[in-house]
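After this come two complexes, each holding subunit A, first together with subunit B and then together with subunit C.
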Partner chain A sequence: MNPALRFLSRRVWLVTLAALIVLVIVNWILQPNLMTPNVIKSNLTVFLPVALAAIGQTYVILAGDIDLSVGTTAALVNVVTVTVITALGADLDAVLVGMAAGVGVGIACGLFNGVLVALLRFQAIVTTFATGILFGALALLVMPTAGGSVPAIYWRSYSGALLGIPVIYWIYAAALLVVALIAARPFIKHVAAVGGHRAAAFQTGLRTARVRIGAYVLCGLFSAFAALCLTGETASGDPLLGRTLALSSILAVVVGGTALAGGKGSAFGSVLGALVIGMIGNVVFFAKPPFEYQTLIQGLITLAALAGGVFIARRQDSRGRGLA
Partner chain B sequence: MAPLLDISAVAKRFGAVTALSDGALRVEAGEIHALLGANGSGKSTLCKIIAGTVARDSGRVHLDGAEVALSDPRSAERLGIGLFYQELSLVPQLTVADNIFLGDERTGRGGFLSGRRKREDAATLLARVAAVAGPGLTPDALVGRLSADQRQLVEILKVLSRRHRLIIFDEATAALDRRQVEVFFEILRKLRADGVSIIFISHRMDEIFAIADRITVLRNGATAATFVTSETNRTEVVHAMVGETAIRERVEHAKPASAGKPLVTLKNATSRRLHDVTLTLGEGEILGLGGLQGQGQSTLLQGLFGALPFARGTIEIDGAPHAIRSPATAIRHGFAYVSGDRGRDAALHGRSIFENLAPAAIVRERRFVFWPRQLRPRFEAAVKALNTRYASLEAPIGSLSGGNQQKVFIARWLATGSRVLLLDDPAKGIDLAAKADFFALIRGLAAEGVGIIFYASEDAELLSLCDRILVFNSGRISAELSGPTLTSFHLTHAAYGEAA
Partner chain C sequence: MSRTRAVLSNPLVLAALSVLALLGIGEILSPGFAQGNQVTRLLTVSALLGIVAAGQCLVVIGGREGIDLSVGAMISLGAVLAGNVMSGANGAIVPAFLVASGATFLIGIVNGLGVTLLRIPPLVMTLGMMGVVQGGLTVITRGIPSGNAAPALSSFVNQPFLLGLPGILYVWALVALVMWFLLRRTELGFAIYAIGSNERAAILAGLPVRLVRILLYGLSGFFAGITGVLVIGYTGNSFVSVGDQYVLPSVIAVVIGGVSLAGGTGNYFGAMLGAIALTLLTSVLTTLELEFWGRQLIFGSVLLLLMLLYGRSRQLRV
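This part shows the complex of A and B:
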């Protein structure tokens, strides 16, 4: 393997970054006002929920599992948060308690998934598909039809600014800080080991079930954050919220260079992946192809973005294949 | 003073199979103790019990005079016991340094990872093997990109990094060359000088005599003898391994080796785990593959069956060369493959006996549409011929015992008229009565002219069944046994690399 390819294969996120830059340039040509503060802010606001969900999804996929329930987890968090805020009288205290309740619900959903998959050894993809239906059903029980509203203080602060910088930028910064903190803990090595070669991790003495449950709990937590952001955007409760979140988060993770088979990847790459996916949508929108071709083109570009990372990652695997 | 480790009367069963009936072992502090035994003697089960990966059914394990439970690898680790796994504990996606310190990460302030300490400590450890490490073995290299010997060195360093009181090295030298083994032995001697105890397992007898202070021999799941290395010799040790009854316990069927005309000839077969294997199988011959486990026997069978095609080499069937690159081709040439790992390689779970019988016939006869009613009489005849006990062909495969399931998988091939039967440790996990039945069946097939290549992890099975045995060592045929040399003494001697 030549050194340049080798360098890239250890940093697949660089490929994602390159794809992002290309998309930004194309988008800029198609939409000359792209680089104005308002447009940047509104774009990043739209991308934020997927970016957050993708961060959580990264840990689960890194551990060799998958979570298809993040979309309905977000819906459940949304309706619980809105219901609690409304019930407590819609003041600042109510908002904080409601958000805490939402975060609690997200953690509980993750814990539930983790226990089923890691302790009871259910198959991850089928199990989280089923729990996803379950969480969606619970959301409908809590709030049968879309409605309710959060007080102005909630959505105004979300779209507002703090110290002159938009709040959503602070959320991006906080999310990346959490990603960096997790990446600096032994936990992340354990997650990668469990996802890379589970038998080896067990024989090394790692508590594999605990690690996998931890990954699911993180995923539930970040799904809750995504839901709270969506709530700030829509300012209301909707039991059918976030239906595409699960698949877009998985797509973002893979575009960001994390192997679906587990063991390799980074949450930082997934954030880039989420931005790439969002930009693909933008480019297709502004290129104004005939309506009936839009989805087709979006699909092709997404496939191309996937292929770049996958090919480079595979080059690296081809020699180590015999070991697994 | 009490020995560091004192094990007595330890037993372990896996289903119907007794892996260990009366294991005993005493290891003193600061001693290198070799554990020896033929295939299936229970030495790896004993090691796994000590390391906590397998829980014992009964018996006592004392560490420093106190009884210990050893319920999982973690608890053994906490007691200062480390086990060297052959490759199995390395994660290919992680770097060398991350693998060495996995679960024991080098951290700095606040429990955060310290990249500097990790690299420094890894470099210190790697320096101990630097002279023989080969290119590319650096702390930041991905383990998946290393060669087999380098991975083995990393595994050794990983065990060393934990400061254990007792380390089990199970086949730690298998992939190492002579110089690497010498460096490894230097490390072992230094550990011994520091008071660390070592249990050493190797399939190279000369290594054992070079490094071990004492030798314990296991036979048929029980401890047979313990020797002081300086007061014994190879012949005595091998005799302890095979026991007093080192005669051939077989039902004699008078047939000279290589009676029939050649059915299959394999020349210079080479793949990742095989080197230049050449052999000929005659009609009606039962050819055994012997040697320690994992020396290439299964790889050879799966290569002949096209499941793991050879990288190089030629296969001749009835004198004509053929390329076999997939199981479908092999089946059409009349090859049949029966694995001891029924769950993974053969069974269609939750399906009926009929459905488990059908695939081979469908592939062999290139059928795209078939009428179950036409196939049924053939299948019934085939299953009946094997004396299989079953309720009906519609009964689920899981309702049969292991032995009867295995017969169904043989019947699968008989119904298609297969001429070459590849048996990959087929009697694994089958009880004794079913085993005898099964072997009688194989002998009957050979009498009808079917050529059989038989690999068994238990030497007794090979000796009771085979006309000829090829002994494998590290992917090569190291010896051929037939006629008067077909004894467990010769087999064990050859497996352990006589004067290797």
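This part shows the complex of A and C:
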């Protein structure tokens, strides 16, 4: 293989970054005010929940599993948070307790998925689809119809600024910091080993079930973060929130260069993937094609991006496995 | 004793028992649930799911994490195309079938090409294709419901056709026969199992692995297109998201029927029972007059219970 391609195949996120830069330039041409602080901020606010959910999804996919319940986990976190805040009187303490409750719910959902898939050895796709239905049902039980509201302190802080920098940038920074911390720990190698070759990982004495459960818990945790951000955006409770979050997080992970078969990829790439997916929507919107062609063009570009992400990620191991 | 256990842990037996149990529960909850007309109606609904599941079944058996998430969009496309070709004219039913299933067959072939030549994981390829087909539908329909079924097609799907049973059930039986013949009596069928259970061995044995896999995705599209035509016959008209409700149920029907998502095992009869069981479950839950969340809660729990019974993968002791 030529050296440049090998270099890229180990850093697939560079390709995603290149795609992102191209999209930003195209978008800038189509929408001259793109590079003003307000527009940048509003774009990044829209992309944030998907980026967070995609980070969590990365660990699960890296471990060779998948989580289709991300969306309803987020919905459950949202309604629990809003309900708890309302019940406790809507002051600052109530907000903090509500957010903590939401995070707890997210972790619990992830733990439930992880136990079913890793300990009871259920098939991940169908299982997380089924648990997704359960979480959605629980969200409807907690809050039958959309409503309720979070106090102004919640959404004002979310859309506000801290030390002169918008809060959502702090959230991006914090998320990337967590990603970096996780990437520096042995856990990430264990996850990749479990996803890359489960039998081999097991034979080296790795506690594969524990690692996979850990990945699901992280996924639940990041889904909860995504839900808290969505709550900051909508400022209300909605049991049907985050419907598209599961699929878009998977798309972002794949576009970010993580192999769906597991074992290879990075959460950093997934964040870039989420931005790419978001920017595709923007570019198609601002290119102003006839309205009925918008979904088609967006679908084609997304498919091309997916194929590109997979193609680059696959180059690395095409030798020796290239039979089919 | 171990023999009894072996019989009971057979997915086919379990699926059949689930069907009987659900029928019993339905009859207790609402007398008349398990009677002639009602059963015919349930089978009609099951047939729609069952025919999509035929394609899903093939793709899953073919292995390499085979799955087709674009069937929903292809059903919608089939329904919209058929509706526009027919425009209510009985004479245009056959062309409608040909156009709808031909278009979706070609889309399936593209899926297959992406999965084999570009080596895109099926989940991603068909998910991406779902977006593209939905976009294509918006172009065709401009978001407005369009086309309608020919009267003869509607009565073929909904009214008694032969021996008191609607025609769609004969179509389903034909699909079952074709699937049985394809999987058990043709070289292609054996090739499908061989590829699904051990792709490397299949390649070394000289089987045209890529060609077979491309064909499987094409067939999945074909069955989705046929379902689309029948769906417009069932509902009378079509809209762009009419097929969405079939995507995950078609996967679940296949799994309930004992086809492992790992590929290489299972058969279509299981998937048929799975489709009936799922339809019954939905129907029983509707009969219960529970709140929506209650129905969803039970639905999710039953799925997990079924997974517990036989959706578990091999224990890792290598």
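Methods note: the second predicted complex is superposed on the first by the 320 of 324 C-alpha atoms of A that agree within 3 Å, B and C clash if a C-alpha of one lies under 4 Å from a C-alpha of the other, contacts with A are read in each partner's own complex, and residues count from 1 in each chain.
To be clear about the criterion, a contact is a pair of C-beta atoms (placed from the backbone, for glycine too) under 8 Å apart; a residue touches a chain by one contact, two chains touch by 3 or more.
Bear in mind the structure is a predicted one, so any value in this text is a computation, not a measurement.
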item	value
Fit or clash - subunit C, subunit B, common subunit A	clash
Which of subunit B and subunit C A:Gly263 touches, first, second, both or neither	first
Contacts of A:Ala193 with subunit B and subunit C, given as first, second, both or neither	first
First, second, both or neither for A:Ala215, with subunit B first and subunit C second	neither
Touching partner for A:Gly299 - first (subunit B), second (subunit C), both, neither	second
Which of subunit B and subunit C A:Phe202 touches, first, second, both or neither	both
Which partner, subunit B or subunit C, touches more subunit A residues	C
First (subunit B), second (subunit C), both or neither touched by A:Arg185	first
A:Gln123 touches, of subunit B and subunit C: first, second, both or neither?	second
First, second, both or neither for A:Ala137, with subunit B first and subunit C second	second
Residue range of subunit C overlapping subunit B upon superposition on chain A, of 184-192, 256-264 or 292-300	184-192
Footprint overlap on subunit A, comparing subunit B with subunit C	199, 202-203, 323-324
List of subunit B residues in touch with subunit A within their complex	53, 73-74, 77, 83, 85, 87-94, 98, 102-103, 105, 107, 111-113, 142-145, 151, 158, 272
Contact footprint of subunit A on subunit C as seen in their complex	65, 67, 114, 116, 118-121, 123-125, 127-129, 131-136, 138-139, 142-143, 199-200, 203, 209-210, 248, 251-252, 255, 261, 291-297, 299-301, 303-304, 307-308, 311-316, 318
Contact set on subunit A toward subunit B in their complex	10, 184-186, 189-190, 192-193, 195-197, 199-207, 259, 263-264, 316-317, 319-324
Subunit C-facing residues of subunit A, complex	66, 116, 120-123, 125-127, 129-134, 136-141, 144, 198-199, 202-203, 208, 247, 250-251, 254, 260-261, 292-300, 302-303, 306-307, 310-311, 314, 323-324
